[in-house]
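Mind looking over this structure? Questions follow.
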Amino acid sequence: MEALVASAVGIMTAAGIFLILRRRTFPVILGLSLITYAVNVFLFATGRLALDAPAVLNKYEEVPYTDPLPQALVLTAIVISFGMTAVIVMIALSAYLSSKDDHIDMTAQDSVDGAGEDA
Amino acid sequence: MSLFLIAALPFLGAVFPALLIRAGRNAAASAAGLTTFLALMGLLIHIPSVMRGDVVTAGFDWIPVLGLNANFMLDGLGFLFALLILGIGLLIILYARFYLSREDPMGQFYTYLLLFQGAMVGIVLSDNILLLLIFWELTSLSSFLLIGYWKHLPEGRQGARMALAVTGGGGLAMIAGMLILGNIVGSYDLSVILQNKELIQASPYYMAALVLILLGCFTKSAQFPFHFWLPHAMAAPTPVSAYLHSATMVKAGLFLMARMWPVLAGTDAWFYIVATTGLVTMLIGACIALFKDDLKALLAFSTVSHLGLVTMLLGFGTKFAAVAAVFHIINHATFKAALFMTAGIVDHEAGTRDVKRLGGLRQLMPITFTIGTIAALSMAGLPPLNGFLSKEMMLEETVHTTWLHSHYLVPGLALLAALFSAAYSFRFVGHVFLGPQRNDYPHHPHDPPVGLWLAPAFLVVLVVLIGLNSAAIVGPLVAVVSSAVIGGEKLPYYSLKLWHGFTPALYMSVVATLGGLFLLALHRRGEQLWNALPRPEAKVIFEAVIGAFTALSRWITDTLHNGVISRYAIILVAFTVGLGYYAYTTGTIGPETREPLPIQIIPFIGWICLVGATLAIMWFHRNRLLSLVLIGVVGLIVSMAFNYLSAPDLALTQISVEVVTMILLLLSLNFLPTDTPWDSSAARRWRDAAISVVAGLGTGALIYALMLRDFAFPTISEFHLANSYKGGGGTNVVNVILVDFRGFDTFGEIIVLGIAALIIFALTEAVLGTNVRSYLLNRKPHWPQSGDSHPLMMVVATRVMMPIALMVGAYIFVRGHNQPGGGFIAGLVVAIAFLMQYMASGYTWAIERQRFYYHGTIGWGVLIAAATGIGAWFNERPFLTSDFGYLHWPPLEEFEWATAILFDTGVFLAVLGAVMLALDSLSRFAWQPGMAQEFPMDINPLRDDSKDEDKKEQA
Amino acid sequence: MNHWIVAPIVLPAILAPFIIMVLRYHLDLQRIFSVAGVVALLGIALTITAQAAGGDILVYELGDWPAPFGIVLVLDRLSAMMVLLTALLALPIVLYAIASGWDDRGKHFHALFHFQLMGVCGAFLTGDAFNLFVFFEVLLIASYGLMTHGGGSVRLKAGVQYVAYNLLGSTLFLFALGTLYAVTGTLNMADLAVRVAEIPPEDTALLRVGAVLLLLVFCIKAAVLPLHFWLPASYANAPLPVAALFAIMTKVGAYSILRVDTLVFGPDVAVTQGLLGDWLQPAALLTLAVGAIGILGSQHIARMTAFCAIASMGTLLIAISLFTETATTAALYYIFHSTLATALMFLVADLVMGRRGGAIAPTAPMAQSGLVSALFFVGAIAMAGMPPLSGFIGKLLVLDAARDALDANAIWAVILIGSFVTIVGLARAGTLIFWKSHDAQHNPAPEVDDDEEAPTLPAPEPNPGLAFTAIFGMVMGLVMLTLFAGPALNYAGKTAEQLFTPENYISAVLGGEE
Amino acid sequence: MIEIAIWFAFACFGAAIMLCLYRIISAEGVGTRVLALDTMVINTIALMILYGLALGTEIFFEAAMIIAMLGFVSTVAYARFMLRGNIIE
Amino acid sequence: MRLLHRIFPHPHLTILLTLVWMLLANSPSLNSLVFGLILGIIIPFITQPYWPDRPKLRNWPMIIEYMLVVLWDIVMANITVARIILFKRDADRQPNWVCIPLELRTPEAITVLAGTITMTPGTVSCDLSAQGHNLLVHCLDAPNVDEVRDQIKQRYERRLKEIFE
Amino acid sequence: MFIIEFLVAFFLIVSGIFGFVGSYGMIKLKDPMSRLHAPTKATTLGVGGVLLASIFHSAIIEQHLSLHELLITLFLFLTAPITALFIAKWHIHRHEKPDDLPDAGEDELWATHAVEQVEDVPDHTKT
């Protein structure tokens, strides 16, 4: 099972980075989502894997529990990256609508002429 | 007067002219003059002690850690320079009052001038080399302002920049030199350093310190090959040129060489570097000066030459040469300042300072002529003027100097320089004042008002008096200064007399004078030759070099930061992977300590789907909608994996977040292109793929290694498991961690979400406030739209689904503390419930029936969470300390209350508000007039038919 | 119970929602509350600095859970100083933003501003590695909002880049924390320090990977070459008052490097040897070089100022990379200076841009050119490390601290040559912007003398008086830092001493149990 | 007996999920892709209930329920996107 | 009465929601009943504006009958369709569109009808006509279109008419 | 007991078969409209079977009544028709002309085709 999880993390990371290296905003955002999945699984897996041992205390019997801390961390991470994704989607969309161009690269022209221009 | 005050007065005074200029030019000038005068008086008070050979000191520890102490000292050398600075400063202030025109901002001028003056005084009074460095760099800065004072002249701008670059750069070198010096000695205090000649000269760092300090001195004093900036600094108003570029700033280098003479001089290195530089500078400066037509340029190069002279003398390293140097500094200051002012007067009155357009001013401007001639003859080295005296001493010393075993080289070249010097001095007199009167002067020249000529006249009187009776007038001063220069040792034998008998120096003087006259006679022919010679124009070269460096910098900068984020990302990834690999290979790792879990078939199928979907995304990423669907698959499987691996909370959160994200992306994809064109080459894609694969391998391997090893120490989560119920009152440990053990993380997290929504809202407002709005109103959809935008079935289904979904949300929320769930997921579920309503009946219809406002929801959420945290304060507990208990109201069963639930309510509200605000904002982009509809569904036979019937009835 | 420690976080966390909810439609009230909030923050910062100055390390256990199981805030000299710096920086900036009307060019400026302050203060105060991540995210997301404040196509595009790059950084942060947790089983920094010191040899490889990833994250924040690429475009295209506030953000990276590398992966910890020490110094030197070259090579004042920020980070990182007490003292002093100077420069750049656009080329005269040019001159002096302002002292300190370093020659050469290039670049920019308004060849249109004409040109700010006051305030900050360099360095020295005796920190956080 | 039945059902739904993925990737129209995704979600729900049954745990229930709800929302969103472009209008 | 109506805008919904809550809680107890009831009152109150013009349900026995019929049909149709998918060659299949003229007018009733049609395998409700008077149904394999239409009208629409209108 | 076990196993097998058939139908059936029929099987007897099995299993074998699986059924029954409707509408919108469909009677057009204003937008029928 560990091999599956590890390889999945690796593949999602690779695909995420590949998409991040594209030149348009949309694939980059998708890449960021993918790499977010990867890191969430990564972080989760740092608690080691366990089957049928959720960290919900059983009052009646002694049962094994999985490590709850990484789960809490991943939850925080998921929420935060959701906020981040929402923001970058919005900025990318606004940038596209303002310039009718969804290239993610800044041209020399952008950086010279428009720097800091007001809306 | 305390030395502090002397040094501080000009700076304090600098404030007044700028402020007082509204009160008039005289007020500004008077304020400047008065401060200078006060400082001068303060200095003169110390004459008795200085003349006794005492060193006046004052100081306090400013920055002890650094050894940068505000220590000042006044000895003979400092006194002489301070006297020059303040005395000539006073004259310049007077002169400038009349020189500057009505259009020139005089307040600014005096402010700059006093800043400069203060910096100079600081240099010469510093007893700490770091303090000295501060003043040193300040002179560069203030002179930059002064040179560039006439902002409208391009020459001023370039000159100022060049001066700053050269002297500032030299200053930086000097910083290094001084730090080395201080480190050798162990103190930055001059008084300590000057006691440690042996230590310094024996140090292996002596050479480095020497060269670096000399770089500072040579640049400041315009020594070859750094002489080029000085003539261009002449673009400044004449008072500035007179003050900075003859009397004071350029002498700072000389001052420092003199100051350091006791510890740095006396070595071969010192001799060959300093003396040679001085000699060459003296020669070249004099030669160039002869062929300059601009009076100020002529004087500037003459200054260069004379500075070289003093440098050379200091470089000789003998005590006698040091005395000669001191004496020449005094003399040069007097005649050169007078000459500059004369040149200024000529320029002012005749309207030009081009020698070629002048001549014959003798009768028109008799006073000026007299002043100028006396000063010029002193510069030429004619008796009985003071210039003669020090030149004699110089020539005398050259005769005793051997340069690489050659006895003739130094005297020969010095003589040549003296000859040129005499020639340009005669030219100054001859070509400006003598000769036939002309009728094509730009102005009508006449002697200026007394205010202008008084200052140079005073100086010329000094020139004559010193020449006639130097021993009486400046003898004690020279003695005390020289003594300071040579480090308090016994003075050598010297005499400041006009007549020393028929010495080699006298013969050389005669030759120089006659040769000078001869050269002047040949001037026209010499000029032709000079002009025919290829002369590297320093300014052009400098500008070209700076220009080239600027262009190079621009190229480097723009090439490095070319705005291609994918390259930035590649560098980041490659760097990270590389360092990670390095870190791994330089450590050690033990064998696996955990048994891997067996692979079961369903997870394996999930894995295949995940890998398949991921690879498909890479392959089909240009089809954006498909990629989105595939991302959905990945998210679904990741969520399943969480569930399978005992993380139900994660599964719930992951899937909810994923759906909302997908909806946000769909909302934006409505406006974005639906396809990504190819815009990177196949080679690039392969390179990207290779890097991605390496990074993927790295992360995969890392987590694989981690999962198969146990924690090196017991993990802190054991505490969480043990205390979740008894300390946190919940059985869902993950939730208790979120709302209690690490509630502060969650507090930050909801704020992140709230901020995200705020940003989205703010951006929407910003973008819709521009012409984007009209673009959106006129844009065509990606493809034709279908009819029936709010299908009946969807609306009806939502009427049932939404309440149920809200119920589910409530359920998820309530049970969160003990079972998978919690405020966050509940917030998302409720948001999705409302989203359903939006999708069913449309945004405008739904929002009209909305009963809460998203900003308020977010705000309340954060505030409730914060208030829960603060509530603990009243219980004498830290922020976010939770409490819980159990209630029993018959006939109900016992149930639990917990402040954590209140906190979770905050989370719930913040999440709900944030998600809704984000969706709300994004959907506003698609708003079109006429979109608001009256009914929840487009088709409703019940409604339409009854309407039809009404119509029929009416008909 | 000493609640002062959490106050710098709670205050903005309450104020910002209040502004959103209650004052959403009242800009004037927003401004009043915002400024009052910053003043209150300053008061809090002064209080906690006074508390920390004694040398005690105060620990605040959030939720009353003991470390390492809960999250703790730790107030030591360093964190107090950084919070104080944040508050000091924020006050003039918020005043300037109000005076220049920048806060009115988009929605929610003040709320985002306070959230940003909250994130920054939280990052400085927290003693928990994951909580540090959370506060990084808070300050980052607030910065995304501030950076794109007001919109505009280029700014938004730069915003996309900024966000994308930093999201990569955040991801890296999580990878790092995961790895560290997976090896050590803890997240508390003091506990981490204890465990890292005792790590068994079989786990060093993985621990080292985690450590290096974490340090890389901080290096991204601190704009260390080659991880600095996010900075120029985003700072140059942000609203410049915001860029001024961002001066503190790079310092968060520097702070984190300092904190983690003294506390957890300290110089005495064998297992993490060479992870930063081997490359940070050359990287810092290159950072300074690239910054200086950028200053000379920029054609736009905002971009140039962004490179000023990079160059000053280079100098700072050189000091940090030396990892000695003396050098750290220098670094701490320089942090203060560099933050104020960079911010000052950005504000001045905003004055210029509002008046004549940002191109470093001759253009028409501008309003109040004398005052603006004087401020530019002051800013340039500070940036270039010229006397008499604190930059010079800072530079001397760094040079002095580097004298025993292995590569002292290289460090000195880079710093001094870097200063030289900076001076040339700033002089070039200043003369072109302020002095070249009359060049007939370049500007054939007939022009009037700017000094005569200046008063008739209207200032672009709604409230130029306040704008200039704010900037003067910042200048005064630099002056004070110079005049009271002695006491400041005394504090910095004690701070460095505290940093280099991590045992106290550890025992304060973990109590006697370890 | 139940064991075998569970395994049989696992195999069926596992295979079904893979078929859905194949359909998502290979379909020529977005509609079919979305349909396949929707079917995949439904199969996943079945699988989760199955797992709960096999392990005798209720831990999968909430996820299954939420997924049932969310699958609907996302499918409607996709469909609205394809029909109208704007999913909230 | 009006007050009562304001408090319980949708009594049926309240019952349904309380039931849902009980199911969610999954263990019958007084606590969950009380809590479910409270939420069952609050939530319809919140969502009330989204459900104007609520239809009245008249014939409760018919509802039971209808559900049983549908369940039976679902099982049967599943088997039929599985056979078609697994064993019938694609070419032999005769997919077809069917237009079903509606007598139902209430949106809720139309929805239930269309839903029923879809949930019984082999038929899918695809669209309403522009004014909602006809329902478009797609059949997986329907050699005889009229038979399908009549069956739907007979088995489902008739009963729904009695329930809703 | 055996009967219960048998019943559970039976439901499971039935659900497995129908779940598989549902997805297999999507592969086998060639025209998009017919494919739409497939998921109904997964939804009804596929999931339904599992849910019933689960209810029986917990009630009899684990000895506690657990009916909450019914909720999932409720959800699916409420939502699946809507999903199908939307996908069908997409198909009609993209691939069917008004003439291809049966006559809509008095209403003339089916709702999907009843677009208020005709816009000259590019036709991306392939998407």
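Labels A, B, C, D, E and F are assigned to the chains in the order they are written; within every chain, residues are numbered from 1.
Here is the rule we go by: a contact is a pair of C-beta atoms (placed from the backbone, for glycine too) under 8 Å apart; a residue touches a chain by one contact, two chains touch by 3 or more.
Composition by chain, UniProt nomenclature: D = Sodium-cholate efflux protein MrpF.
No experiment lies behind these values; they were computed from the predicted model shown.
Graph distance from chain A to chain E, where chains that touch are one step apart, equals 2. Between A-C and B-F, more contacting C-beta pairs join the chains of A-C. Chain geometry summary: the mean Cα position of chain B and that of chain C are 14 Å apart. Look at where the CA atoms of chain D average out and do the same for chain F: the two points lie 11 Å apart.
Separation between the centroids of chain A and chain B, computed from CA atoms only, is 37 Å.
A separation of 23 Å divides the Cα centre of chain A from that of chain D.
Shared contact sites, meaning residues of chain D that touch two or more other chains, fall at 10-11, 15, 17, 30, 34, 40, 58-59, 65, 69, 72, 76, 80, 83.
The residues of chain F that reach two or more other chains are 17, 24, 36, 38, 43, 66, 68, 71, 74-75, 78-82, 85-86, 89-93, 109, 111-114, 127, listed in rising order.
Listed for chain E are residues 20, 24, 26, 111, 114-115, 125, 127-128, 130-133, each touching two or more other chains. Across the interface of their complex, chain E is touched by residues 787-788, 791-793, 795-800, 802-804, 806-808, 810-811, 814, 837, 841, 846, 849, 851, 891-893, 895, 936-937, 939-945 of chain B. Chain contact summary for the complex, chain B toward chain F: residues 625, 674, 780-788, 791, 793-794, 797, 800-801, 804, 938-939.
Chain A meets chain B in the complex at residues 1-30, 33-34, 37-38, 40-42, 44-59, 65-76, 78-80, 82-87, 89-94, 96-98, 100, 102-108, 110-111, 119.
Across the interface of their complex, chain A is touched by residues 55, 57, 59 of chain D.
Per the touch definition, chain F reaches chain B in the complex via residues 74-75, 78-79, 81-82, 85-86, 89-90, 92-93, 109, 111-116, 119-124, 127.
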